[in-house]
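One chain, chain A, links the two complexes that follow: it is found with chain B in the first and with chain C in the second.
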Partner chain A sequence: MKSDREKESGAIVSQREETVLQRLRRQGISRRGFLKFCTATASMMALPPTMAPAIAAALGSATRPSVIWLSFQECTGCTESLTRSHLPTVESLIFDAISLDYHHTLQAASGEAAERAREEAMARYAGEYLLLVDGSIPYGDEGIYSTIAGVSNLEMLRQGVEGAAAVIAIGTCSSFGGLPMASPNPTGAMSVNDLMQRGAIQRRPLINIPGCPPIPAVITGVIAHYLTFGTIPQLDALHRPLSFYGDTIHDRCYRRTYYDQGKFADTFDDEGARLGWCLYKLGCRGPTTYNSCATLKWNGGTSFPIQSGHGCIGCSEPGFWDAGSFYEALSMPTAAATTATRAGVGVGVAAGALSAWQNLHQRNGARTGHQEVKLDDLERG
Partner chain B sequence: MSASLKRGLQAFDEVIDASVASFFSSCVHCGLCADACLFYTETGDPRYTPIYKLKPLQRYWNQHYTLGGKIASYLGLTTAVDDAELAEWQELIYNSCTLCGRCSMVCPVGNDLTAMIRKIREGMAAAGYAPEDLIAAAGRAVKIGSPMGVRLPALKAQAAHVEKDSGLEIPFDREGAEYMLLLSSMEIMNYPEYLEAVARIMKQAGKSWTLSSEAFEATNTGIQIGVSDIARTLVKRVVDAAEKLRVKTVISPECGHAYTAIRWDGPNLIGRPYPFEVLHILEVLEQFRLQGVLQLEGSESQRLTFHDPCQLVRRGGVIDPPRNLLRMVADNFVEMGDHGKMNWCCGAGGGVGANESAAELKMQAFQRKKRQISELGVDAVVTACANCRIQLEEGLEENEMDLPVLGLTELLAEHLPQREKGERG
Partner chain C sequence: MSQRVVVDPVTRIEGHLRIEAETDDNGIITTASSSGTMVRGIEIILRGRDPRDAWAFAQRICGVCTLVHGIASVRSVERALNYPIPKNAELIRNLMISAQYVHDHVMHFYHLHALDWVDVVSALKADPVATSSLQQSLSSHPLSSPGYFADVQKKVATFVESGQLGIFANGYWGHPGYRLPPEVNLLAVAHYLEALSWQRDVAKIHTIFGGKNPHPNFLVGGVPCAISIEAELSAGAVAGTGATAVNMAGLQQVMSLIEKMQTFVDQVYLPDTLAIAGFYKDWFRQGEGVGNFMTYGEFPSTSIHDSSGFLVPRGVILDRDLTTIHDLDMDDPEQIQEFVDHAWYRYRDGEGVGLHPFVGETEFQYTGPKPPYHHLDTAADYSWLKSPRWRGKAMEVGPLARVLMLYASGHEPTVALATSALKQLELPPEALFSTLGRTAARTLESKIIADAMPGWIQQLIANIKGGDLRTFNEEKWDPSTWPEKAQGGGYMEAPRGALGHWIVIEEGKIANYQAVVPSTWNAGPKDAKGVRGPYEAGLQGHHLHDPHQPLEILRTIHSFDPCIACAVHVTDPHGEELVQLKVT
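Here is the complex of A and B:
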């Protein structure tokens, strides 16, 4: 008789043999619905429409890749973003269609069985699995601030990265440090990239999908890209996929015309706010934030923060918690001038004025004291 | 401190103004002005970099007009501008600059270096560091009325020759004439045919004109040597004469710096606008052409090029008129590589030609013009400045190039219909 453990691993294998398409069909998604998803994904990723059949063919035949999702210093908002859709969407189902071998929140197993599932998947699919990470990693004091089953987050990540084909950092915390890293950063929190850069974990191809939380379609889009092409998409300098993070919110914002016309809301309840004018003066971070909220939108394409009347808070940018108040315009100084700087400016102006007066005095003195230069003066002496 | 040095430094104080302060402050030390200066390009000596020629003025400004400089000189970290420094810079300021203005054109931050050389010369002259020859020329200009010592009788004699040759009257002191003609000493002594050419053109155009026996000299040594007091005296003579004769227009002759002096510096020197207009002879001829009163016949088949006098194109903006006029008579006119506002100087302007200590250097500088001319393979060079003309003639001869140098006005006069000549006795 097989042990429980053997039964569990057998189940993992049989699920993996199912293709993504078969799995979706079993969940009631029609082939037409699937193709629509593929076309949408192609357009989201800025691929030519002719790529949609390629995506369909790839997803249709791809067996479910093993995915290990590690959660560290996080709030589960990233998972919520993906799973708490109003209706089950293709996005959530394709996510479901991957072989999610380990995920704290979603897996049924708990305790030792849960950890064993992770270890087995890591061993069985070494070098092949995708490692998804949300939450930042405490690095201070040897990472003792967060442990799971007695293993520090840092150590668990180190082990997970070793056998991973690629790492996808989901959310701002794992991409850039996020809230846990905000000053004074008591746990020494770091992003996955920080740790790779300083050699605390091995380097693997890394895709950052920042956002607090990230847009669900972006997560599935990146996974679909990986399944289709077997490569990671084109990234910017911060490891973000260019197809989703290539433009600023501001450049794609439907209120951009008001900005160009100089029409701004000055308070949240003035005429400008009611007329839907630009929220720049109220602290909107749209001009400095690279993300797709203004085009893909949230909640099944219903809306996004600016559309609901609040400025972008720049949640997908590095260091967003430490970048000052969300309600001060970008070009305003984040701190008021101190008495010392005021005094310094005063002294400088006074010194400049005195110096200018002295200069004028010298020049004018020379001019009024001008003695005609005669021919005899051209000789020295 | 010697009395002369004190005078020189006071002159620095007088010329340092907002433009000097902003020019020195905004210099980015790019060195582009070096490649614009023919004294640098023809010698390869980095001391001839235009901004470097201004070092004494720049140091004086820094020490007396900037906060950092004031503190540095208070702490004794810098040495004051002294006689030794000015003596060392004399050659750079007078011998290796023709005030041609090419460096001002290329400066990426827009510094008018030429204007600053003109200013630093005020201090140099007052401190006694002007070249001997220029001091002597200034003396003749003030005392005799001409830097070459040409007196009225000499002019009258030349005029009598012209009258005899052409049968035309050379009018003197005619009140209410439309134009008052100025001449440069060089034209009186070396190129008297200019006077005849103007007389014949005026006759055909039917314009009244005159010379003044009190102010016929257009050259202004005060501008070249850098003494505004002398420049003012010389300008004032012309202004007084023109006002006395109530002329409408004063014509600056074919002489570059004379034009700059009377046209641009003059009103600033005397501190008021003129009641008359000042035009260069080429501008007058261009007006005649447009009015249709300059009728020419025949054309030159020889291959010609035009050497732009710097003061005319760069400081005065007279670029198109000489070309329009030349095309009236030249079938085979070719432009030099750099022409118009970016032309290369002949190497003898701004007092360099009159300065014997710069004789060797100006011939070295002429190499640029020599190359430009040889490349074109022309039969003759036309210009519109007596000073350029002398330098071109000397330079071509020294380099054994057998090319005639023509004055544009004379060239045009040669194409006046022959019947005009001698019509009036």
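Here is the complex of A and C:
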């Protein structure tokens, strides 16, 4: 499976005359600054410290690969999230690491000049460029629900996918259909994967980065990883990188201990809420949501929804908009649950907790090999 | 020769906007048509759902003005249920809304609007020493040395020489419409980069109170973030170890982020706006929209239901007349109405009439061309946006409307700030009714609002010190306590202007939901009488130097800060009636 995927994606990073490192030096960007980017990439991807020099080497031998970003039925939250990434930053990404050749929200040119930039990049880097997509795609009714330059989203995506080395679907809308696809899906919205599966667009290696929006550092981290290695990272069955979507939020939550102790907030500002007890009873979907919010946190590690008192709404899971009210507990604990301890609460929860526990055990083995990469480690190297 | 100039996509905005403009023999725009080209159908998706969940759906109308629809939504449910929220929750909402303003406005200026005025390539010709002197003459901003600007210039040079221009590819560099000296261009490019870094830090105010940004969390009945300070103290723990993000360290961080916002506005954003505007004074004489302005009001000092305590007052200004502020009632069916005469919708009783959102209808009727297409039929229907009107009049909403309202109502800091800015630019007050007047108003408002933030955080801390930790009112959380039927409007001033959500709740579920948003007021198509909205009116009379480089169109459109995903959010492809709100 893995070798197939590697074969499928191949190496897209072309060798060009000048290395990133050379260019950065000429630009007055220090080696330290460059290594900081590499360090961030390594630690984002939970790679061992020994990999950081390899990243530096990989980026040091490549010029900026072309990236085309297409926006369809979206709210621009994913782009906003991209700009919030602390490490790697959006500046280091778009000025030092990639050539962002088409991106509605950021690009200078409008209208025909903008479209020309897209067409030029598709022609010049055919077979090499990375295609990023945010927003779902309305399928059917000849594309009238969303057009750009008079062209339907489906047609623009079809053209873009054709010459792409790989596609990254950013956000829950392009990954799984998201809000536009929520019942009753008024515009016939579909995800990139849906369209590949039904043959409406060509199949290409696909990475889904779900989340509404995805965590800033996950967007830049996955892009940087792909550009560094020229291969897609290890994915789960839903095309999500395991390094970010391998654990549930519940498994890694700092309030997990309270869950195990049966200590729950009963309302949003009772004593339990103020003491940071588990939000399970208030509808938290951490137990069924695979994402890194509890570990990476948001906006430079500042907080994440649970830490700020609201249960996880499961925004990176397929179909989460139609999975019931955000304030209904996943399965109601029994009366005894509040005093239960490590046995877990409620039958469903106990089963979930057990499998999560096993999962965690398996992962811990793998994780012991990983350490956080410090900038100093790299500089010594 | 007259011709039709099409700009699609209009970039550096939120969403999908298309402009079609007719020019005469001299290249002057005679008519302009604004079209929203993307729909999702969020209001129909909301039907039948739990009203307490609505904020999360509605918030995804837009990820740029990321919290505004969440706030309008919880306010609509609270109004429908007559559900009071604790004082602390109102203060935290004020802090989050104001943080959104300052964050959004700075990003708009540097990352969306600046490239209409700033020629990135020209910055290569700048003298870093002269740029340094310029910076030091403008403010005490610390990043001002010749070496700093030389580094930025070197970075730009390498970028340009690489031949991979990325987001700057095919920009209109060298267009004679760019009139800044190279040093000002270099200064602005440096601040483009600084603002990218600044914004990701100040967004943390949302993260502390709402858990994440974009799309922080909200809650009907208050705010979700429990204050863990008492717990922290009673446990005898160290500051910052409290269990939730709203602990001592979190509140201290909010205070320092507010200071960071104020400093950037004072030292960078405000001086840059005035410096750049000084080179484009002709843009203070064109680009006026419709001359009518409307605000719903924002920043309650007591409760959202007491508009007398708002920082930004509620009201209407007509025909530039700042001596009279007209009363406004968003619930009155005679006042706010939406028309669909040139939009891809139809009304049951025929077109030519306007409907208040309480009795609004949204029935889909796409009559546009089949994609791919070159032109829209702008004499017929041409947009997914409706045309909202106040007592039949087109209104401009947004920063200019708010600054005028504050000015007209005698808000002293606004009067002083506007007077000093106009004096510095040697412009008369009428100059505000223009493209750059709108842009400048956004900057002035950022200062006014950033300067109000310390007061709210201090009040919050004072409440906590006094033992009031309440952030949520549980009283009406349980749907079994609700009446069988209820309805209400949730109103706010979003960064882009007046925003309203109207909700009808039946048997604990959403029976109907409708939003009328700022960019619909500004960007909507002409109405039954052919009266044009602010975008279309604002473009009339612009001279296009080169129709293939429609810089002039971008300047005026960007001065409104378009948010088109907001403006177009309803549709029903199957011709069903989506919205039927009735006053009971």
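List of remarks:
Criterion: the second predicted complex is superposed on the first by the 283 of 381 C-alpha atoms of A that agree within 3 Å, B and C clash if a C-alpha of one lies under 4 Å from a C-alpha of the other, contacts with A are read in each partner's own complex, and residues count from 1 in each chain.
Please note the rule applied: contacts are C-beta pairs under 8 Å (C-beta built on N, C-alpha and C of every residue); 3 or more make two chains touch, one makes a residue touch a chain.
A quick note: this is a predicted structure, and the numbers were derived from the prediction, not measured.
Within the superposed three-chain model, A:Pro184 lies in touch with chain C and out of touch with chain B [touch as defined at top]. In the superposition on chain A, contact of A:Ala123 is made with neither chain B nor chain C. Residue by residue along chain A, chain B and chain C are tallied for touches, and C comes out ahead.
In the superposed model, A:Ala237 lies in contact with neither chain B nor chain C.
Counting contacts as defined above, no chain A residue meets chain B in one complex and chain C in the other.
Those residues of chain C that touch chain A in the complex are listed here as 6-16, 37-42, 44-45, 49-50, 52-53, 56-57, 60-64, 66, 107, 111-112, 115, 120, 151, 154-155, 158-159, 162, 164-172, 193, 196-197, 199-201, 203-204, 206-217, 219, 221-228, 230-231, 242-246, 250, 253, 366, 368-374, 469-472, 474, 477, 548-550, 554, 565, 571-574. Taken in their complex, chain B has these residues touching chain A: 2-4, 7, 10-11, 13-14, 16-17, 64-65, 67, 70, 83, 125-130, 135, 138-139, 142-143, 225, 227-230. Those residues of chain A that touch chain C in the shared complex are 23, 26-29, 63-64, 66, 71-81, 83-86, 89-91, 94-95, 98-101, 103-117, 120, 141-152, 155, 178-180, 182-184, 186-189, 212-213, 216, 265, 267-269, 271, 273-277, 293, 298-300, 302-310, 313, 315, 321, 325-327. Those residues of chain A that touch chain B in the shared complex are 351-352, 355, 359, 362-363, 365-367, 369-375, 377-381.
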